[in-house]
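One structure, pasted below without further comment.
For clarity, chains are labelled A, B, C and D in written order, and residue numbers in each chain start from 1.
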Amino acid sequence: MTATETPRIGVYVCHCGINIASRVNVKEVVEFARGLPHVVVASEYKYLCSDPGQELIRADMKEHNLNRIVVASCSPLMHESTFRRVTAEGGQNEFLFQMANIREHVSWVTEDEGEATSKSKALVAGAVRRVAFHEPLTREKVPVNPNVLVVGGGIAGIQAALTMADAGKKVYLVEREPTIGGHMAKFDKTFPTLDCSACILTPKMSMVKSHPNIEMMTLSEVAEVHGYVGNFKVKVKKNPRYIKEDLCVGCLECIESCVYKEAKFPDEYNLGLGKRKPVYIPFPQATPQVVLVDPETCLYLKKGKCKQTCLEACDRKAIDFEQKEEISELDVGAIILATGFKAFDPTNRLPQYGYGFYPEVYTSLEIERLLNSAGPTSGELTTKSGQVPQTVGIVHCVGSRDKKTNVWCSRVCCMYSLKLAHLIEERTGAHVYNFYIDMRTPGKGYEEFYERLLQEGMRPVRGRVAAITDWAMTPEEEGKLVIRVEDTMIGVVRRIPVDMAVLSVGLEPQPDAKEVRRRFNISCSPEGWFLERHPKLAPVSTFTDGVFLAGACQGPKDIPDSVAQAGAAAAEALALIDRGYVEMEPNTAWIEEELCSGCKSCSGQCPYNAIGFDDEKARAMINEALCKGCGTCVATCPSGAARQKLFLDKQIYEEIRGVLSYV
Amino acid sequence: MKYLYYPGCSLKVTGKPYEDSLLAVFNALEEEIEEVNDWNCCGATAYSAVDQMKAFALAARNLALAEEQGGEKAELVAPCAACYLVLNKTCHSIQDYPARVGLQVKRALKAGNLTYKGTVNIRHPLDVFANDIGLEVIEKRVKNKLAGLKVACYYGCQIVRPYAEFDDQHQPMTMDNIIKALGAEPVNWSLKTRCCGGSLSATVSDDALSLSRILIKEAKRRGADIITTACSLCQFNLECFQEKLKQKGDQPGETEIPVAYFTQIMGKALGIDEAKLGFKQSFMPLETLF
Amino acid sequence: MSERFDRQIKYESDLDLNFAHQIASFPGGERIFDCIQCGTCSGTCPLSVYMEYTPRRIIAMTRAGFKDEVVRSNTIWLCSSCYSCTVECPKEIKLTDIMYAIKRQAIRENIWPKEFKMSPMMTGEFFKLVEKNGRNSEGWLMMNLYMKSMAVGDALKIAGIGMKMFAKKRMSLKTEKIADPAELRKILDAAGSEMELIKEGAKEVVHG
Amino acid sequence: MSKNEFQPKIVAFFCNWCTYTAADLAGISRMKYAPNIRVVRLMCSGRVDPQFILAAFREGADGVLIGGCHPGDCHYQEGNYKALRRYKLLKQVLKDFGIDDKRLRLEWISASEGDKVKKVCNEMVEHVRQLGPLKLEPLPLKESLKAEASY
């Protein structure tokens, strides 16, 4: 059909069960719609997106020869694609369709039935008027680059990378630390099965390293992202390791022979609990199994003066102090973000717990390192003064469920606190208290694990710890940390002396989450958790097509959930790639040559340099392959020569008139 | 800048040495300070326990007077912790509950031919000394360096919480920093803001006593020669009941320690005459310490 | 039965289910329903060691309508208004203000544990003195209080400190006064009764 | 809100990526706000032609609200800056026409700020209600648009 054909419009108003119908008088809206210009049919249905609902529309289209469809229901972000498909199946171009959002924008946000009904009518009027001016459009198909980028090499990123690589896709895995593994690599055991973390993770890590389809890039960060779904251009910045990765075999001879005889610098990987030399490896199973030189502490790199005994020790000649920062450019069709979380740092943020003030107050992450057989103490847990602790208090909800820090429940800390209680008791024989507000163990085998801990004699105290102090009231308390807490089950305040206090810190967004999300053009919550497109409909997608989420960067999550989500994100990316092309939304701009006055007002407006100028004709022109359809140039053009498909001026004017035509 | 001064009832009597030393220190630092005319009692904790509205109105009269006298943006210095808190709380409540508190207070003040626009800033002398005048200035003015004196700075409960913003609620440092600037050594202890039982000492004295005992013992355990406070009620409570603690069976020396206002210590370091600092009015001799 | 054991179970008809709403309507009481019963308030409270019901229990009982138990408890009188609970509560509940609100209820109803008669008495004396003079005269307050409430012996023991205070010129029987106490009384009268305000308060949107 | 109070009509131009999504979020979170806002979805706040705003006033709107992504967050990099520039100019123009410039408002609302949609909409309705209905002299109109608008 052509645009000049007389419009024959069908209007369909959805009840959405009672979501719409309980607030909006649907009958009245349908009646109203019948009276609008060019409306041939108007009807209502309980669930328009269901099969019978769709069939109703298709059948009407045939019967009444409809050439325009309006659906008044939920948000177009929810079901526009569904109903466009229905319109196409009914025999018309899919863009001869318009949606009116009377659920998210009306029934759910309006108190009064009369007002909700009026507002619905206004929105329907807008849609009906607009759709009369719709024109058939075709989508352009753009081929999808089959390569994928995964950002973040924690368990989520590793899982996603392996899944896609096994499906035969080329995967770039970018990790900013010297080794992949993320938080999980720091743990000794994982709940609820107490499997050895390394036994699960290290094989996966080495699979990543050796997989022919994965290019692992450590000490690297994404600097820039350009392009769009199917065709992203990504710049990755790699920081120098001062080691040639392909030559180093991880023999560690260089470390042995560094001029520093003793390891004397705080070891970041072990949260400062251990020491390292300027040349070091984060932990024995690090992947890649390659050392690195820290420019901040290496004498040569810092001062330019050192005997460089490391160089001589390396018979592979792998050490290269000339390495510089490198930028590489990657072309990928899809991106998975798996940048994980940051553990809450209680320094100065919860002074009542004395972290950083009393040496025997630790964070859970520090205890994970101390319990880890590959950690700084080879798994031996002693206090800083070298004693085996006899009583240990584990404090839940540190930096979580608290309006002054973070309001959310971090979801994993109850379970890992139980895990730590078990491990501490097993290693040291200490009595372990768990101070909790609510014991949150919803998961397969989790409640059973809690029960096991109770049987093992873990001492539960239901109460949020008020303070950890070092002043003694009784002789038994002398020299110990005292945990002051109300045992809320009993209703009395208790003072419990311990040798060691463990703060079960919560999960927070990465501190650079906001920059990262900007770089990838996705949204995040005010706190910094990356925003999924829809928690149930599209939990691993984002509002930017082709960018997916996995793991704790989207919200607090344990390992099983992170892995599951990584699988889902990989599946979404694979679906995109295996389709082979993306259909672009036809909302690009073009120039109506005869109208263009050659004023060039538009050319500076385009952020994508899509607008060129034909000097001969003295006319602007738009490269539609580059245009992303923002419409900025269109709004700028004084002659009405620049126009945007799907958002033609006249369509918008009609919508404005429509929404204002009723009440 | 000229500061306004709200003494509150206790600085005129029990806390006289606090008033004397405070004004002397302002004088020595060449900062102007002037008493609010015809101020009335802030209401302390007791008033809120009878009638919340009257409590706000009572305190607000002082704010209105200060605004009248000091103009807009008056800086009102309230040295007593209870006054500081109550005045601050009134300011916050007027803002946070515009209908229930703001409007009511306005109505009440009108009955007394007063208005309050809400511009007065309530300040504690600790805040003024450390943040307006500055530690460097104080350090420069020190005449007698108090080297070797170990001081347990006690802030009490009501200065740093819940409304004050000038210092941390758990481990405040302002007084410690001032003490450091005087050349003395603040001891590291964790009870700086734990309640001394002050507001209970008259009514349920036994329980209040055990609270002071905890504080005194801990200060001594940390090696303090003296406790310093920034509130007249805390000072009274910690100093004057030491005798009673002995009657209750505390060993001699176990809970004995001089307790001075931080302004007395400042005054000493700034070279002000002891007579002007109310040293003689202490139960335990302060002179010998310096 | 009833001679040997008291009934502990509560029927809804024993309780005042509106009590929490009443408390919530005072400025400062609004967040009472957010409590997650974590006990931080009790843990941090320096006086909870002596309290019949810890601050957390006061919140729970208020919410559940245990009005009689709450207004009769010693908790509210032991509260020293140190604001620790208020600043530590993870849900930012202003417990100190809630303690005040309950205390006012107790004073209105004229109930308190007998070992605490000093507290309402002191509060009352203080209130009267300020209403009369606009200022508190600490010497007078103490004198009145001890004369009225204490056994003579006790009064003397305390008086030991009192005498010393007089000697050090830190206590005096001089009456402190503002210029025109009558004017102040006008202000206080105009402030109105807080019970009227509760009704208005229901309409107010509380920030934060 | 009482029935016989003046009910202003407000047209809102929301960008697809941030503010429209935020309005959806307000809905999903069942936040209630004034029903006077009619949303027109555009891909970017940069698409808001000043003529749209004038047209809205001409067609009976008492106020116009523009919602876009926060500075630095624009899905198209900088469309919102363009919108801001035009908005400032237009405010001036409105004054020249004798339209109180408070009838036009621009707000940055990100996808996660459902509560801000509620707040801004309520405020806007309240402001415009206080200004009263817009009474207009006929507005100048681009020739080319007259033809299209005469449907």
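Observations on the model:
We take it that contacts are C-beta pairs under 8 Å (C-beta built on N, C-alpha and C of every residue); 3 or more make two chains touch, one makes a residue touch a chain.
Just so you know, these numbers come straight off a predicted model, no measurement behind them.
Between A-D and B-C, more C-beta contact pairs are found at B-C.
Chain A and chain D have Cα centroids separated by 31 Å. Averaging Cα coordinates per chain places chain C and chain D 52 Å apart. Chain B and chain C have CA centres that are 23 Å apart.
Averaging C-alpha coordinates per chain places the centre of chain A 50 Å away from that of chain C. Each of the following residues of chain A touches two or more other chains: 352.
Taken residue by residue, chain C touches two or more other chains at no position, since every residue touches fewer. Shown for chain B are the residues in touch with two or more other chains, namely 169.
Under the touch rule stated earlier, the contacting chain pairs are A-B, A-C, A-D, B-C. Residues 26-28, 46-47, 50, 77-78, 80-84, 86-87, 94, 96, 100-101, 103-104, 107, 116, 118-119, 122-124, 126-127, 130, 134-139, 142, 145, 157-158, 160-161, 164-165, 168-172, 176, 178-179, 183-184, 186-194, 197, 200-201, 203-204, 206-208 of chain C touch chain B in their complex.
Residues 352, 397, 401-404, 437-438, 462-467, 484-488, 491-493 of chain A are the ones that touch chain C when the two sit in their complex.
Of all the residues in chain A, the ones that touch chain B in their complex are 351-352, 354, 357, 469-471, 473.
Interface residues of chain A, counted against chain D in their complex, comprise 75-77, 101, 103-106, 108-112, 115-116, 118-119, 122-123, 126, 129, 132-133, 518, 521, 523-526, 531, 543-544, 587, 595, 605, 607-608, 628-632, 634-636, 639-640, 644, 647, 649-650, 652-657, 659-661, 663. Interface residues of chain C, counted against chain A in their complex, comprise 36-45, 48-49, 53-54, 56-57, 88, 90-92.
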